[in-house]
Amino acid sequence: MAAALQDDIFQLVREPIDVGALIRHVRAPGDGAIVTFDGFVRNQSHHRPTLYLDYEAYESMALAKMREIGAQLHEKFAIHCVAIVHRLGRLEIGETSVLIAVSAPHRAAAFDACRFAIDTLKRTVPIWKKEYFEDGAVWADGELPPAPAVTLRVKPAS
Amino acid sequence: MAAALQDDIFQLVREPIDVGALIRHVRAPGDGAIVTFDGFVRNQSHHRPTLYLDYEAYESMALAKMREIGAQLHEKFAIHCVAIVHRLGRLEIGETSVLIAVSAPHRAAAFDACRFAIDTLKRTVPIWKKEYFEDGAVWADGELPPAPAVTLRVKPAS
Amino acid sequence: MAPVSQTVRVKVLFFGRLKDVLGHSEEFLDLADASTIEELFALYAARIPELAKYRSSVVASRNEEFASWDTPLRSGDEVAFLPPVSGG
Amino acid sequence: MAPVSQTVRVKVLFFGRLKDVLGHSEEFLDLADASTIEELFALYAARIPELAKYRSSVVASRNEEFASWDTPLRSGDEVAFLPPVSGG
């Protein structure tokens, strides 16, 4: 697997995400395009007004999976640099929960990579969202990550 | 054609584009996703080092075409709001020439709309880029906008 | 009565490399009524032969809409000749 | 000589709704050597019957990699039971 470039960023944070700073971070004079995905807290879920959200993660594994996504981006797409930052803890309506910024010499790679990154993050990174409503809280519906069905065991030498 | 929402932005500017401000502008509590395309000046063109660029436009028509793209986005995609801003005049390496930000309740529409917008802008909006090198300047290769081949004339009533 | 031969006044704009070839970017021009965009371009190409070689890589607009070369012009029309666009 | 029956110590983590059902999020557990992740989950389901109904909507990881349910565990392994993820 290709090593992530030194200036890629993969972070879990508990403070507000500075979108502008991350876009500036991935910017370099050899590039021409940055595509950014900014996911933020909606004011409703399934037509029920949301008060706020709480995100938790299996932090060490989540960071490992985020780095893995970064490595996949460099393998699959002609990009220069990527930043993937997810916020944890309590988030208010309108606050950014995830920011992905991808720079590339050409726009097609930046679009494809950014979309691959958020799609893959939502399927594979162990982060969970609890939604708080007037009358209670529920864990959001999510996606079951694809796991190996069986272990391929190497037969021991006899 | 669907009317553009009042808070859409279509601008030609001669000052630096404030990417963060535009992302904040399209953000609304009912949305969950913003996809942004930030196109900026590369330090080379066909392997020749670029000094700077100069953009000119047929301004009134360019704005009309940008608004037309906005109307198409609202027709084709389930988005909330769009900002399309293009800079004119002299731009230095690394400066943003075009910024497109699209907000939507769901990310697929935001990605599709943002990409449609930049692809359509590059084919149809009358803006031209002159590239300045150490040894001279050239108008960049571009795309010929699709124009009607013939006029369909209504036969005058006799 | 046969109609009197008339002229129409149109505004003509050139951009990008066309502007460089022409040495100016806009002017008003009087044309025979019902002249087409094609005929308008031919007038300029007659004046500046170098223009002719751009004919196949130019599109025209009339009143800020892309227009076919056989579009007839009316008084007050604004016609622009647009080389391949390179915004973004 | 036949091998002596041994136990292995593993760290077990629960997240999201599983953590709510368990009432805690992590603990260390001693298991018979070569127990699988499936057997580990069954131990918890025996203790807290409500857990069983989550079995089909849970994936497991071993040492931060998604793992199949028949993965045998070794001493020092960190196993996590992960409900459907909802980041982003």
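Going in written order, the chains are labelled A, B, C and D, and every chain counts its residues from 1.
One rule holds for everything that comes next: a residue touches a chain if its C-beta (ideal position, glycine included) is under 8 Å from a C-beta of that chain, and two chains touch if they have at least 3 such contacts.
Here the structure is a predicted model, which is why all the values come from computation and not from measurement.
Asker: Find the chain most remote from chain A, comparing centres computed as mean CA coordinates.
Answerer: Max centre-to-centre separation from chain A belongs to C.
Asker: Distance between chain B and chain C based on Cα centroids, please, to the nearest Å.
Answerer: The computed centroid separation for chain B versus chain C comes out at 25 Å.
Asker: From the C-alpha centre of chain A to that of chain C, how far is it in Å?
Answerer: Computed value for the inter-centroid distance: 52 Å.
Asker: Distance-wise, how many Å sit between the C-alpha centres of chain C and chain D, to the nearest whole number?
Answerer: Roughly 76 Å, centre to centre.
Asker: Going by the contact rule already set, what residues in chain B reach two or more other chains?
Answerer: Residues 39, 118 of chain B each touch two or more of the other chains.
Asker: What positions in chain D touch 2 or more of the other chains?
Answerer: Chain D, residues with two or more chain partners: not present.
Asker: Which pairs of chains touch each other in this structure?
Answerer: A-B, A-D, B-C
Asker: Report the residues of chain A in contact with chain B in the complex, numbered from low to high.
Answerer: 19-20, 23, 27, 29-44, 93-94, 105, 107, 110-111, 114-115, 118
Asker: Which part of chain C faces chain B closely enough to touch in the complex?
Answerer: Contact set of chain C toward chain B: 13, 15-17, 20, 57-61, 64, 66-68, 70-72, 80, 82-88.
Asker: Mind listing the chain A positions that touch chain D in their complex?
Answerer: Chain A reaches chain D through residues 39, 55-58, 60-62, 64, 86, 97-98, 118, 121-130, 139-151.
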